[in-house]
Amino acid sequence: MDYATLLQILDSTLRLATPLLLACLAGLFSERSGIFDIGLEGKMLMAAMCTGAAAYLSGSVWVGVLAGIAGSMVLAAIHGLASITFRGNQLISGVALNFIASGITVLAAQSLFRQGGRTPPLSGDARFNPIELPFAESAHAIPIIGPFYAEVLSGHTILVYIGLLCVPLTWWALFRTRFGLRLRAVGENPASVDTAGVSVIRLRFAAVAITGILCGLAGAYMAAGLQAGFGKEMTAGRGYIALAALIFAKWRPWYALMATLLFGFFQALALRPDVITRLFHFSIPVPALDAMPYILTVVVLAGFVGRAIPPRAGGEPYVKER
Amino acid sequence: MAATGTTSGRQDTAAPEGKAPAIELRGVSKAFGPVQANKDISIRVMPGTIHGIIGENGAGKSTLMSILYGFYKADAGEIFINGQKTDIPDSQAAIRAGIGMVFQHFKLVQNFTVLENVILGAEDGALLRPSLAKARRVLKELAKEYGLDVDPDEVIEELSVGHQQRVEILKALYRHADILILDEPTGVLTPDEADHLFRILRGLKEQGKTIILITHKLREIMEITDTVSVMRRGEMTATVKTAETDPEQLAELMVGRKVLLNVPKGPANPGRVILEVENLRVVDEDKVERVKGISFTIREGEIFGIAGVAGNGQSELLAVLGGIMPATGSIRLNGKDLDLTGRHSDGQSRRARGIAHVPEDRQHLGMIMDFTAWENMAFGYHNDPAYQKNALLMNNAAILEDSQGKMERFDVRPPIPTLAAKNFSGGNQQKIILAREIERNPDLLLVGQPTRGVDIGAIEFIHKRIVELRDAGKAVLLVSVELAEIMSLSDRIAVMFDGRIMGERMPEDTDERALGLLMAGVGGEGA
Amino acid sequence: MTQLPRWADVVLVPLISLLLAGAISAIVIWAIGESPWQALKTMVDGAVGSAYGWGYTLYYATSFIFTGLAVTVAFHASLFNIGGEGQAQLGGLGVALVCLALPWPHWTLALPAAMIGGALFGAAWAAIPAYLQARRGSHIVITTIMFNYIAAALIIYMLVSVLKPVGQMDPATARFPAGTHLPTLHEIPGFNLIFTKQVPANVSLFVALFACWLIWILLWRTRLGYEIRAFGRSEPAAKYAGISPFRVTMYAMLISGALAGLMSINNVMGESGRLVQNSAEGAGFIGIAVALMGRNHPIGVFLAAILFGFLYQGGAELGLWTSIPIELRTVVQGLVILFTGALDHMVRMFLGQFFRPRPLGVA
Amino acid sequence: DPAIIYDLGGKFDKSFNEAAFNGAEKWKAETGGSYKELEMQSEAQREQALRRLAETGANPVVMTGFAFGDVLNKVAPDFPDTKFAIIDMVVDQPNVKSVVFTEEQGSYLVGMMAAMASKTGTVGFIGGMDIPLIRKFACGYAEGVKAANPDATIVANMTGTTPAAWNDPVKGAELAKAQKSQGADVIYAAAGGTGIGVLQAAADEGILSIGVDSNQNYLHPGQVLTSMVKRVDNSVYEAFSEGPDMTTGINVMDLKAGGVDYALDDNNKALVTPEMQAAVDEAKAKIEAGEITVHDYMSDETCPALTF
């Protein structure tokens, strides 16, 4: 494989990893607070639809992003209500919300635009446009690093950079702030937080809200960055891959970046079966590449590669009085 | 009922100098669904004193303290702190009012460091770094002042229980608690650790702090408290000055009657050896060695009692014999080895070899609360050929009929086998389990805490049945934290401490005092 | 929380959940500018208004009975199997391989063989998550989700690269031999008086009903069922009773996977007569709703499966005759799961108001 | 009433299915009649949809896409009085009309244009699902490219092996970007809904694209070189107009019959030079006259101009 091809695949990796990364970090907040969320997929989808619709109607991508976040937050709020307030089963709530999102996005888009459950294509300001990083043109002159900077790092939409920025931000928030300390504690032992005089419910709702925001960004990126508009089921299981990445990353922000980049790389590679064939002189079936994130996650879950220990209070509603 | 006029009279004498009490509760009530955990409770604690609270399991002690700490909300009642009426809707308010609490079950984040646990909820700002630095400094001072040494950077799960408790105390002190509540702090401690704790508590008292200490142990009450309150069935039955009372009186107040548990039983006729345990070691899931090489034998027609403070390896011993936990060493039943780790180390195999097991925790181990009584009667014996219709199907009718008989013979009330287990009272649940296990006519009966939370009538009945089984020539291994029960029921007594048997005594050659010393790890030949 | 009487818990809670889901669906329909009443009428007409509609409703219900039972069995062992979809797809592969392996002379021979194939493949697909849960403590929910996706990829690979006949363009197996054709209700003497036209509901329906009965026997009449239920209620107690957690987890999931796989005799063998991509069409997920709705009892599952069959056929009719997208049924399905499975405490709290016992301690 | 069933991409795929939709709408506008329509949601649903439509008395029933072939073969005999029309597939039943197009011819024309418009000498092809039908597009395209510029390089990719490949704009966009990095500056997308992503990415990257099935020039005015139009709309219109008396049998829609063509309108006028147009129109005449035969991949599953 020549360097140009590699750069092209890495470039593609970064694009494809971004929604995974945002969703993965979203899940990280929720699960760190002890609320399991298999509804990432649904929230992303909802956000993608809201973004597509609002950006088209308003002509502004930022209005679209806000709408996307709002859409995702509605689902997050329902999940919070079900799993925090009413102490319901978090897994079932997540499954249910995924179904609701899958259906309601099509219903809404269809009723708004009558284009078979799509939103009309976005163009111009209704969509994120690539940003050239400074000196990207001139950087080509520098060997190796230069093209990498110009081809892979530069030329993405703003949300890609926001996604990358979210990684250190998440790490900092989680491990260097009061909020993070409490959040981690509430996911490990909510009673410790409660007896320390901090509201478990408020913390968990805050975490779920952050999940909503990040999933909103992930969905907005799908509709206005990666594509130009919303299409039926356009997230195509990315929420579940993000969930897999979260486990793969053992609920840690930097590992989440690694995991999502790896899974994004698989997706990018799956687009170029020709490269693999040329490289290894045999063809790996594309379905095998598609399934790779899931297979790897199962391997990690099985404890063959380190142990993935979820937050201890995860999945359990906090009940003081039986 | 038991709250007499004299007890309330005594209560008023608790404020001689006219100083406002540090804590005063008036008419506090709390119900959990149908369970009335606290009924119209009033209590006063004077500043700078150590106040004890005693009461049987489930008397409502923890609930009352949790209300004071804002963990639960009372249904009725008022709280006064230093004479001021104070609302305590949550723990934050309690902390603000200067109250700190060390719960019976610690509220620590296992994978956080000591420092992180200490600052949790009491951070100084949005960023952690300054808070951590400050806490490190304060902790050092506190360590010096009260002898509360603990490495601030150690992760909680690496610490011993005693050290974890210190962290809890530090947490309270870090929050400037003037009133410290400790819920059964010594239940999990070694005698050394307990002594150390008491020294700390005395130090705190000298600094003018008020301490409330919940315990089951009369000895501790007598040793350290200034005043003591007694709770029974959700009610406060008395508050007295420690100096003016004695253990017998407290015990009577606690149980509501003279405690004289004397089971009518004839002398034992020990026959051949049924059970031989040799050098048994048990390591639990957290890789902690719970039983550290014990050996003993039980003969037919003999009740072998194991006394000890809860958490000294008795539960694990029962679990191993009952096939719930693996172990190393050797156990022989009727001369044949029991499998301790392999395929035949499960409960089914134990039952097949003639071991019946009445577990300590009846609600979580002994039965399935959502199952009916008759389903529970087959629990563990569901493979019994008598319960099968054919190779595939169970004979539910047979189980039902069998259960009906057992319930009647054991006086389970109501004797309705189709009722769900959760709808029986605790005592009757216990009878269902006993009926199931004893009527199997086992060679060896394991019983853990047979009368925990059971009323007097039922206690006598249960004791009678256990003795009957002995008299039928069976072996019984009895584990109980109630010394009185051990004393009156056992034909031979062993005391466990820290995973070892401290010594064996004949009941007629010993008394509660001597056993108590062994339970505390003092003396004995096993240490 | 106040405890509800049993009848309220079994009948009232699901009923109210269903009504809530229905009410919100109506609001959704109204919000997209359609008439909920008209929609309901179309659904009722299309799904149960004619023998033909029933033919489809029962066809869908058959699949849902299998997957609902699959979820139920696992639920009783307190295992949440969301892998029904993948297991059903693998079951489809098993059925297809059996059907294509021999020139079957008659369906009476092909059906039992295909059942074994479907059940075996479904069970095998459940076995790995079960093993990982029982031995390595991996959360079964996550592993079964992963296995759904791996199953989809595997099926695509099998269809595209292995099973697709030469010259065929769409990724599907060849048609099964005529001897594997299962009689539809239209072809069964007696039933053909009602079902006068070709309908997809076929003899698998009776297999499904039989499975309901069998699962009831299993859960409440056999030792294994006893152990499954005991283990599901309390793992420590089960260990005390000498019930092996490993054994129960494995058996419960194997049975669950086998049931999900068995579904394929209905759709793959009975209806399409060949294996296509995504053959289960989400029935594995609907099994969750069916089990929740049916309160994890075979009779409840049967009733809930009919309800969802109605929803599915009715929803298809909506897509056909109105401008309400077919996705409405996905929304309703999600709402039912949400209300019966996650917001059930809300419903109970609400009902609790009416069943509050007299306060204690008044006397 | 007539009825139409769209394949998985949906009737608004801006491509194949939308062409069919346009035909139906044209019929409706002209005759004032009404028709029933249905969009496939999943692979397993085909048979029900087909039966249900036939059941309600719709006649003729038109379906778009080869994937209906198998079920139609099964369903058609059950409804002998109903006429069916299937596009892109041959189904041998007495009551079925099979409409197939000579996509290789249309692709040949746009291939020539691609080669002439390319500055790099490298052109791209992005197919949807990897099936002989799509290879037929690719092969005709490659022949056209070579005819105009024998030295040109052709980069060809397929989106996938399942019907999902028809509706994956993300993948389409990524493939377009990959082809651009390999030097391609004109990309022909024969990939249904996936093509939307290809055209979008090409426009974003500043290179040219070629649409398919419908006239897609308007999607990115001035950035879509042309479109290989396949007059599915005409076929649908025709089938609807014939009504229940529709003629059955195989109906080959070739260049001559107006079945395929390249699109020229205001949106791409500036991109098509007079030389280009002259060359293409000449080739068109030759093909119609039989002087040029474009190889049909499906006839022998080989392609002289391109290896897959």
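As written, the chains take the letters A, B, C and D, and residue 1 is the first residue of each chain.
The definition used in the following text is that a contact is a pair of C-beta atoms (placed from the backbone, for glycine too) under 8 Å apart; a residue touches a chain by one contact, two chains touch by 3 or more.
All values derive from a computational prediction rather than experimental measurement.
For chain pairs A-D and A-B, the one joined by more C-beta pairs in contact is A-B. Inter-chain centre distance (subunit A to subunit D, centres taken as mean C-alpha positions): 35 Å. Separating the centre of subunit B from that of subunit D, both taken as means of CA atoms, is a distance of 78 Å.
Centre-to-centre separation of subunit A and subunit B, using mean CA positions: 47 Å. Taking each chain's centre as the mean of its C-alpha atoms, subunit C lies 39 Å from subunit D. Under the contact definition stated at the top, the residues of subunit B that touch 2 or more other chains are 33. Touching two or more other chains at once are residues 39, 161 of subunit D. Residue positions of subunit A touching 2 or more other chains: 117, 287. Chain pairs that touch one another are A-B, A-C, A-D, B-C, C-D.
Listed in rising order, the residues of subunit D touching subunit C in the complex are 36, 38-39, 41-45, 47-49, 51-53, 55, 66-67, 69-71, 74, 78, 89, 131-133, 161-163.
Remark: subunit A residues 38, 78, 81-83, 86-93, 95-104, 106-108, 110-111, 117, 237, 240, 243-244, 247, 285, 287-288, 290-291, 294-295, 297-298, 301-303, 308, 310 touch subunit C in the complex. Touching subunit A in their complex are the following residues of subunit B: 32-33, 69-72, 90-95, 101, 103, 107-112, 116-117, 119-123, 125-129, 131, 171.
Residues of subunit A touching subunit D in their complex: 4-5, 7-9, 11-12, 15-16, 115-118, 121, 130, 151, 226-228, 231-232, 234, 236, 268, 271-272, 274, 286-287. Touching subunit B in their complex are the following residues of subunit C: 1-3, 217, 220-223, 226-227, 229-230, 233-234, 236-237, 239-244, 357, 360-361.
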